[in-house]
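Okay, so chain A shows up in both of these, paired with chain B first and chain C after.
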Partner chain A sequence: MSANLSTGTFRPYTGEKARIARAYDYLVLVLALFLFIGSFHLHFALTVGDWDFWVDWKDRQWWPLVTPLIGITFPAAVQAVLWTNFRLPLGATLCVACLSIGTWIARIFAYHYWNFFPINMVMPSTLLPSALFLDAVLMISNSLTITAIFGGSAFALLFYPSNWPIFGMFHLPVEAGNSQLTVADMFGFQYIRTGMPEYLRIIERGTLRTYGQIATPLSAFCSALLCTLMYTLWWHIGKWFATTRYLNRI
Partner chain B sequence: MATIIEQVKSLNDQVKFPPWYLKDLYRYLSAFGILTAIYMGFRIYQGAYGVSTGLDSTEPAFEIYWMRLFNFNVTFVTLFAGISWGYLWFTRDKNLENLKPKEEIRRYLTLTMWISVYTFAVYWAGSYFAEQDNSWHQVAIRDTPFTANHIIEFYFNFPMYVILGGCAWLYARTRLPLYAKGISLPLTLAVVGPFMILVSVGFNEWGHTFWFREEFFAAPIHYGFVIGVWFAHGVGGILLQGVTRLIELLDGLEEAA
Partner chain C sequence: MKTTKKRNVEISVKTINCNEAKPNLQSSLLDYLLLLGMIFSVYMLTLQPAHAHGEKNLEPYVRMRTIQWYDVQWSKQKFNVNDEVSVTGKFHVAEDWPISVPKPDAAFLNISTPGPVMVRTERYLNGKPYMNSVALQPGGDYDFKVVLKGRLPGRYHIHPFFNLLDAGQVMGPGVWLDIGGDEADFTNNIQTINGQAINMETYGLANGIFWHSFWALIGTAWLLWWVRRPLFIVRYRMLHAGLEEELVTPLDRNIGKAILVGVPLLVFVFYTMTVNEYPKAIPLQASLDQILPLSAKVNAGVVEVDTVRAEYRVAERSMKLSLKIKNGSDKAIQIGEFATGGVHFLNKVAPVSQQHDAESVVAAEGLSLDNPAPIQPGEERAVLMTAGDALWESEKLDGLIKDADSRIGGLIFFYDTEGERYVSSVTAAVIPKFN
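The block that comes next holds the complex of A and B.
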């Protein structure tokens, strides 16, 4: 059950002991499922939030930067516990799968069915390909440094291409009010939100957009650099929280 | 003859469901059922009365449909906290030194169930109703801190997971020897950190007094919630503490079929 056990003395449990261990595993699985849907989703919604909620916020400048940068945090922390102690190469995929479950339920029942936003307007992005790659790099390399550099970079670089088949169609140009817009922009203007118009001014702010089609790769590589650092930071945060200390007083 | 009787007894024990180590399984499943019914009931109520009575806090209907719900929520969570924490404290095990290994194993599994129910409440508070807050406040002007979603999210969901987290902490402290001898740092972090999310409601509402529009969700006034939820990673430490002790206990058990 633990990588810290001496492999020389380790014998798999059989009979009732195995059944107890398996029952404990299932209880932990249920616990982990709801823990990471609840906690990772809250962390994600309040930091990436708007870029993931709305199709018109999925721009070339901030969305490919912010989403992987925040999205790699919990995966790194959970990998630090599950890989180091249990040799389970699924920390990132677990977190991201939980996040996907949480966001999809909320988008359908909270946005679409309660407040009638079209589901195409509020579809969540996916980090699953990035997470699978991150887990694979850790499993193959068994190295924090290699995973941070190559896995962390790939986590960010894979984000935009893996979401392009989902959201590319919303970037088609349309003409409305003598202006050229994207379909995504049209969604934003047609479905009035209480935060407007200030709410929309945050999208693609700054001069990076003058780089035209190069803006997206620039954002992705900037995110890749930051993800290598963020991964390492959150690996250690995960290790710190997974302390086994007992205190005499608090 | 005696051997045959023992074998039959052992077989009967194996067939019995739930087995001794999952004695609280039905209570655990009932907790999930009750919580699911409550949270889905809230969502159905919001769907039925949110738009018709929840958009303007100065309307008399708002007082009837939403402020009454607020008063009910606050009363309910206060009573529930007192009853559940009181029950766990007053029924505590005062003879932990003589706890049998099998009973200790069972209690570790029950503690995991408590934490699991706690995380289920964290799911509804941190995932579903939290994102729904953004959805609601992008269609309804915020003219009161007690909006149709806040009344449920901040004054039922948040206190509810705090209470259940407190239950898990108290269960461990009063029924498991290692947790009684010392205060588990990861369990305390995993309970106290998310509790601070409830406290952050004050910071959040103070921030919103500056503007009534909603909702740049990734705004700094929400970061108190974010930092609070990081402490959920303490569950990793609880897992390591539990696994280490369970291995010791299982290794000490005699091999059964």
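The block that comes next holds the complex of A and C.
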């Protein structure tokens, strides 16, 4: 387009041109909304999957490790496009908002109305605080490295505490069948899932035993480290994906 | 000038042709859409709900030689929302567990339902309540009870079944359950250890919606803050014109700084508030329950059965088992039933208290013996037992001969003159006879 414009020769759009440019904005926004609702939600469902579907999968070890690690992928890619080309620091928030819309639609219509699960059993987690922070770091720093290190880390570290107000109450202890369970475990026991036996849950399996009962901070910091790498990887995927190479040939 | 005129003529000819072709194209497209619509309508009208659970698709040797169900009974098959119903039964874990199926180190006694149309309120194995998965021992005998509560009205085909880790599902016998009443009446209340009453249908939902909405509001405000300005084309031009400073203003930066400070602060405050509100919160529980088998119910030592040979006659759809049977009891016994893979072959000559399984998998006259006379106390006899019925085919058990592990397993039920029952397991490689 106007790659060779300089400050001196720049003329802002007015009149019809400005109106068309604005209409183009709305067109892209609407398309982006549906694209990210569909694609990011699908990506998230196939990778985070059960950790986000079920309240009795949201453990303190794997849930805070897996969810931000997968959740930072699309935000990084979209930030790469929107920030590099337009200086729009809203890629992460836009992606995560679309993800939230998609997951809520799926939980209400697919899980509740279609498969009869109570919505509280399949309530999604939120990544919005993490996404807001990531966008703000990118805008202030204007640096991939700083955003990857500080934004990526914060994206992971903020996840568990920002979701505890939603899911903390599902961890109250309950006595059932001569054993101690959480309310979340009771959901898993009571509301029958034929294809999801209890043993499939990956709850605190691994070798973090050395650190006793502080699995969450360790998982969060592990996730933070991995998120810095994942962010960088997906930033470059986003840049590689956003090309007009093929359009030029038309 | 001439050239221009000629081109104009050509264009107008093309336009006329296009205009003529348009109605034809539209008409064909409409016909095509109508045909598609009709096919789709017929398809929709003939749709039937699926009532099976894939139980016949599991390879026969897995159904025959893993969990061997018997005496499965439901307390009732018609009940209302909020009513409790229980399913009880027994199962033997086959000694001849297939080598290709992982051992049942983690197994989950489940109920096949189309979603949670019932809730499971209690579950017992060998009389002990248990909530998680359990390790089963090959050769072990178990009895079970699951208590369910009606949640959604409807008619459902329900099985008890085992989820076996890395092996899949092994179905028990199924029945039709009719749940009546109004789903709005359903209640499911539990109590925490601290005595707090919880309505499981709504617990935590309003709170969750509140927090999602709270962050959604802030996120939306951030998005609108940027979307209210011209976006893509204008910003792209300005960026490449070196006007980057105008794209992100000092006010934008200040808001960004506020987010960097405010969001973590809010998260920390809300997290601390929640921790203080629920100081007794515990992590999710995921232990493996340990429940030992009962004293032997199958192969209890009174009646001994040795399987010499098994032949499957494809054309006759019958399995012939050569058995050596030793009656160690003090009364004469008869074979009353042979059960394998969820199919029951009954000996019409012997008095059998028929099991309460679905009728479709009972061959009422499917079992015959070369010598029907009772086996006397202390007698050891070679018996040729024939289990023949079309159920071998309709239940897809005849596929055994095409399995990689073509061995049969099952339970033989003996009855003495006073109705006492002895159960023995049998297992053997199956030799197919094709004519």
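The rule is simple: the second predicted complex is superposed on the first by the 227 of 250 C-alpha atoms of A that agree within 3 Å, B and C clash if a C-alpha of one lies under 4 Å from a C-alpha of the other, contacts with A are read in each partner's own complex, and residues count from 1 in each chain.
Please note the rule applied: a residue touches a chain if its C-beta (ideal position, glycine included) is under 8 Å from a C-beta of that chain, and two chains touch if they have at least 3 such contacts.
Nothing here was measured: the structure is a model prediction, and the numbers come from that model.
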item	value
Touching partner for A:Val48 - first (chain B), second (chain C), both, neither	first
Which of chain B and chain C A:Tyr199 touches, first, second, both or neither	both
Chain B versus chain C as contact partner of A:Phe187, first or second or both or neither	second
Touching partner for A:Arg87 - first (chain B), second (chain C), both, neither	second
Chain B versus chain C as contact partner of A:Ala106, first or second or both or neither	first
Which partner reaches more residues of chain A (counting touched residues only), chain B or chain C	C
First (chain B), second (chain C), both or neither touched by A:Arg22	second
Which of chain B and chain C A:Ala154 touches, first, second, both or neither	second
Touching partner for A:Asn115 - first (chain B), second (chain C), both, neither	both
Chain C-contacting residues of chain A that also contact chain B	1-2, 5, 13, 21, 24, 28, 85, 114-115, 117, 193-194, 198-199
Parts of chain B lying in touch with chain A, wherever the complex brings them together	14, 19, 21-22, 43, 46-47, 50, 105, 108-109, 112-113, 115-116, 119-120, 122-132, 134-142, 178-179, 181-186, 188-189, 194, 213-218, 222-223, 225-226, 229-237, 239-244, 246-247, 250, 253, 255-257
Chain C - residues contacting chain A, complex	53, 106-108, 110-113, 115-123, 128-133, 151-152, 161, 163, 165, 169, 188, 190-194, 196, 198, 200-205, 207-208, 211-212, 215-216, 218-220, 222-223, 226-227, 230-244, 247-248, 252-253, 256-257, 259-260, 263-264, 266-268, 270-271, 273-275, 277-278, 280-289
Touching residues (chain side chain A, partner chain C) in the complex	1-7, 9-10, 12-13, 18, 21-22, 24-25, 28-29, 56, 58-60, 85-90, 93-94, 96-97, 100, 104, 114-120, 123-124, 126, 128-129, 131-133, 135-137, 139-140, 154, 158, 161-162, 164-187, 189-194, 197-199, 201, 203-204, 213
Residues on chain A engaged by chain B in the complex (per definition of touch)	1-2, 5, 13-17, 19-21, 23-24, 27-28, 30-32, 34-35, 37-39, 41-43, 45-51, 53, 66, 77-78, 80-81, 85, 102-103, 105-107, 109-111, 113-115, 117, 193-195, 198-199, 202, 237-238, 241-250
